[in-house]
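Structures given as structure tokens follow.
Next come two complexes built around chain A: one with chain B, the other with chain C.
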Partner chain A sequence: MSALTTPATLVVQGFLSYKALAWSGIAAYAWNRLARPILFVTMFAIMGRFVGDPVAAEAYIVGMAAAAIPATILDGILPSFSFERNAATLPFLFVSRANRIALLWARGSFHLVNSWASGAISLLFAWSVLRLDFSRVDWVTMATSMVVISWSCTAFALFAGNFSLLLRGYNDLSTFLQGSMVAFTGAVIPLSVLPPPAVVVGQALPFTAGLVAFRAAFAGASLDMVGGSLATEAIVGLAYAGLAALFFARLEMQAKRRGSLSWEAAA
Partner chain B sequence: MTYLIAIHGAFVQQWKVIAPGWSWLLGMVANVPMVAAFAWIATQSDRSSVVGYVAIGLFLMTLWNQSQIGIRWSVGEEAWMGTIEFSLISRAPLAVFLFGKSLAYALAAARPAVVAVVAALLIARQPPAVADPIGLAVSVCVAFVAVVATGFIFAPLNVIAARQLDPVVALRAFVVVFSGFLYPVSLLPAGLEGFARIFPTSWAMDAVLIALEGGAGEALALRLASAVGMSAAYFAIAGVLFWKVEERVRVSGALIT
Partner chain C sequence: MTPTWAIECDALRRVYRERTLLGGVKENVAVADVSLQVPAGVVFGLLGPNGAGKTTTVRVLATLLAPTSGAARVLGFDVLRQGTEVRRRIGLILGGERGLYWRLTGKENLVYFASLNGIGPREAGRRADEQLERVGLAERGNSKVEQYSRGMKQRLHIARGLLTNPDVIFMDEPTMGLDPIAARELRRIVPELAREGKTVLLTTHYMAEADMLCERIAIINLGRIVAVGTPVEIKRGFSGIRVIDVTVREPRDALVAELNRLPGVVRTEVGSDGAFQKFTLQAAPDAELRRPLLDLLGEWNVEALVERDPTLEEAYVSILQ
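== the complex of A and B ==
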């Protein structure tokens, strides 16, 4: 590990990256990372009541509380990539000697921690306002599943962030991916009723396996009972971490050779 | 006539910014996964009116979401790049110039909104049952006006917010939850329904549900009248806000306090 990637440097790098590319003030933080996840949980809970199925409504609440983790991570990391390009700071990054893997993970680190806050506030709201039953929860399993989900989703967002660089924007991509995390992972629609191609998509996404463990925590499942799901989630995350680094390296190579990242220049 | 030229100019300029590249394709399908989740939940109901209600609500919600975020980015990006000043020093009123831009975004947003409603109906695999087709047609039109009114009141805020992107973006999700697009606001937790009633869309969507289920004509008329009245009030307030914002921007030269 070079001097550029000591743990202290990683923290400073993560902090600076977060402050420059993601921080918009305490009000925006409170809204985007704390209030918005609560609104989403509320929305799905009421949808459950509207269709007259209170049991399903509980399942939606749990699924959407967990979905706050990928939503916060995607919503934070994808803009940081496109802002980097639109603010014309990307060339400075490309000519720096910084370790690229450390650079990517430093960028994701603060968003990863943020996602725990989003998940926790969603669960707190679900307990205090929506009266979700927490009596059988295994807290160790829940906490571990949140950590593993946040790690794999950060890896995924770092991979998807490369597309934000290419597209110069993130809004539609972020909407699409956040929606996919809700529709194809079992957060709302059970995997058993999804058509086979959608199940394949879901299994290729992070969060799907981790959500199984998260839900099991509500039924009191211990850590060893959900070990398989968490291991799968971690492996999916590892795969995306590798892909993120390779994709970013490829883009950097392209940019240095062509002097542009635009698709038009590649044609 | 002068205003029409200004609206046309703003519309064409904005449309050209939206149109190029392949990004619009992603914009068309961006909402589909979330729409699929909402539509699937709707199919779990025994009431056939729920699918129709959610399908109409998804159309309006997507239209609202996409057009709001679009005009927000447009003003924000122009503020960042320093080109908004050229629009602001033109002789056309601010409301006219923003109307042209909003029109372009609304037209662009209609595409993903149609995709959303088609996706919802495909997932539902059944045409929604409609008890009162004429009442429904009127209700949908009023709901559309309510969406426009709700959007219009935010337009001056977009200019004030200028380089600060988050506050207005945040309001967007807030409105979606309390608008009644996906469920009648009477189902909101106690105390929140009263707040939701300040949005004209909540009344209009109630009317949509009554028309779908064939409820009493008086109840339908009351909801429609409330939605129209509130929309008119929104337009009036937006007019005052535009006047205030314009005065501040042109006199003080400052977008942000």
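== the complex of A and C ==
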């Protein structure tokens, strides 16, 4: 952390960038971060119970409760990048002395914390309304899994956010990535039945290894039993964190060379 | 060692390259060859028509664009190789309504940008209050920017540019689109900055503004500097014209053509002053026109005849045409 970035400036950057680029009021928050994850869990619970079997239903519910974490993160971080471009504030970021890595992570920080709320409310709903049996859960492992998943998914979203900056939009990208998370990571379809190329895609995505740990925690596994999966998830996150920083730096450099992002300041 | 110049450009060139659909490359030379020196502690005006290269020059100096060739230095630091050192010392103020976070209050915008520059929350709050006061937004500092008028947003841009107490300030058309009172308020701030020892590079389309604020002026056209000097030097030395205002009592339609035929007259513009007809003649500096004018118009018919230096706008038009 450079001298320019102190914990206090990080908190200020995190809070104000969240308020500037993501916060649309309490009603929008309640819907997007709390109600929508519950809706998805409910949909898949219904599908599992009435089309499949109770075992499948449980797997769907746990998978979708965990999937609330990447969904909330992607849904929060991607728009913040395209909004930045639309607001024409990029030149002022680029002309600042801000540490670019700190800038990115400050931007992701509140979304990361939000994802815990989305995951927790989904689990609470699964327990209280869908009557999922939580008696075997190892809570320490589950909480750790959520933290590690949220880290890797935030890193991934910060990486993907650069594309929404380039594309000036986030909707299609966000839908595509969230769909991929559901399809290729084992949230709904077990990895064992996916074709090999889809498994490779899943392994390249965050959440896949973390979800293995999350499911194991639900079944009562202790931390040392899921250490490998969590380490894999953390390493995937680290790779995306590096890519996010490199891509953003590259984008800034290209913008200065081509003049491609700085034009929009003067309206 | 203290650098001689606050801002220096040596043969600065910036070309935008754009790929066409068929794979070709289209080039747009925004800055062809700009060399200029700006002394420290002055307000320096960069004037020119749309597309002349003013904004591109400012963006290169502010490290937002890399030069294609040539060099640019701010306080002795190269904008390409020592960008971080340059950014530490500059403030950037762009014209327009955008570039601010509309969901944040004015003060929150300032605190955010202060935090990006490593200023802690307490100090950021203090500086934000100070700058809001300076630009006359203290009472609206806690209102959301989406509720601001254009003039208020522009004042907030200025406050942000000054937050880090920069030594060099780039102002790119800061009064664009403002009403006269708001523009006047902003013009009050610029000399204050120079008195504080800051160097201001100001681009503007408003000649009266440049004349009023700038100690030195450069006129840029088609990416090249075509004139540099004090406003008086620009008016007298570079324009190559002298101006004569003539007011006549009896208007005549054919007079413009007749005046244009007088030896030494470059251009004649016609207007009115109440019931009188008023002509503004631009003429060669050495042309003797008083007697021929009185003979042509009739002494009894001439209400007033005044010879003067051109205004900056007249000089600017003369230089560019």
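The rule is short, and it goes like this: the second predicted complex is superposed on the first by the 256 of 267 C-alpha atoms of A that agree within 3 Å, B and C clash if a C-alpha of one lies under 4 Å from a C-alpha of the other, contacts with A are read in each partner's own complex, and residues count from 1 in each chain.
Just so it is clear, contacts are C-beta pairs under 8 Å (C-beta built on N, C-alpha and C of every residue); 3 or more make two chains touch, one makes a residue touch a chain.
Just so it is clear, the structure is predicted and the values come from calculations on it, not from any experiment.
Superposition note: with chain A as the common reference, chain B and chain C can be accommodated side by side.
Contact with chain C, but none with chain B, is seen for A:Ala88 once the two complexes are overlaid on the shared chain.
Residue contacts after overlaying the shared chain place A:Ala56 against chain B, while chain C stays out of touching range.
In the superposed model, A:Ala120 lies in contact with neither chain B nor chain C.
Taking Cα centres throughout, chain A sits at the apex of an angle toward chain B and chain C that amounts to 90 degrees, reported as a multiple of 10. Using the contact criterion defined above for the overlaid structures, shared-chain residue A:Arg257 touches chain C, although it does not reach chain B. Judged by the touch definition given at the top, the superposed model places A:Met225 against neither chain B nor chain C.
When the two structures are aligned on the shared chain, A:Leu16 is found in touch with chain C, with no touch to chain B. Chain B and chain C never share a C-alpha pair closer than 11 Å once the two structures are laid over each other. Residues of chain B that touch chain A in their complex: 21-23, 26-27, 29-38, 40-42, 44-47, 50, 69, 73, 164-167, 170, 173-174, 176-177, 182-184, 187-189. Interface residues of chain A facing chain B in the complex, by the touch rule stated above, are 24-25, 27-28, 31-32, 35-36, 39, 42-44, 46-53, 56, 60, 129, 167, 169, 171-173, 175-176, 178-180, 182-184, 187-189, 193, 263. Note for the complex: chain A touches chain C at residues 2-6, 8-9, 11-13, 16-17, 19-21, 23, 87-89, 91-98, 103, 256-259, 262, 264-267. Contact residues on chain C toward chain A in their complex (touch as defined above): 14, 16-17, 55-56, 59, 62-66, 84, 87-88, 90, 92, 94-104, 108, 111-113, 115-121, 124, 160, 172-173.
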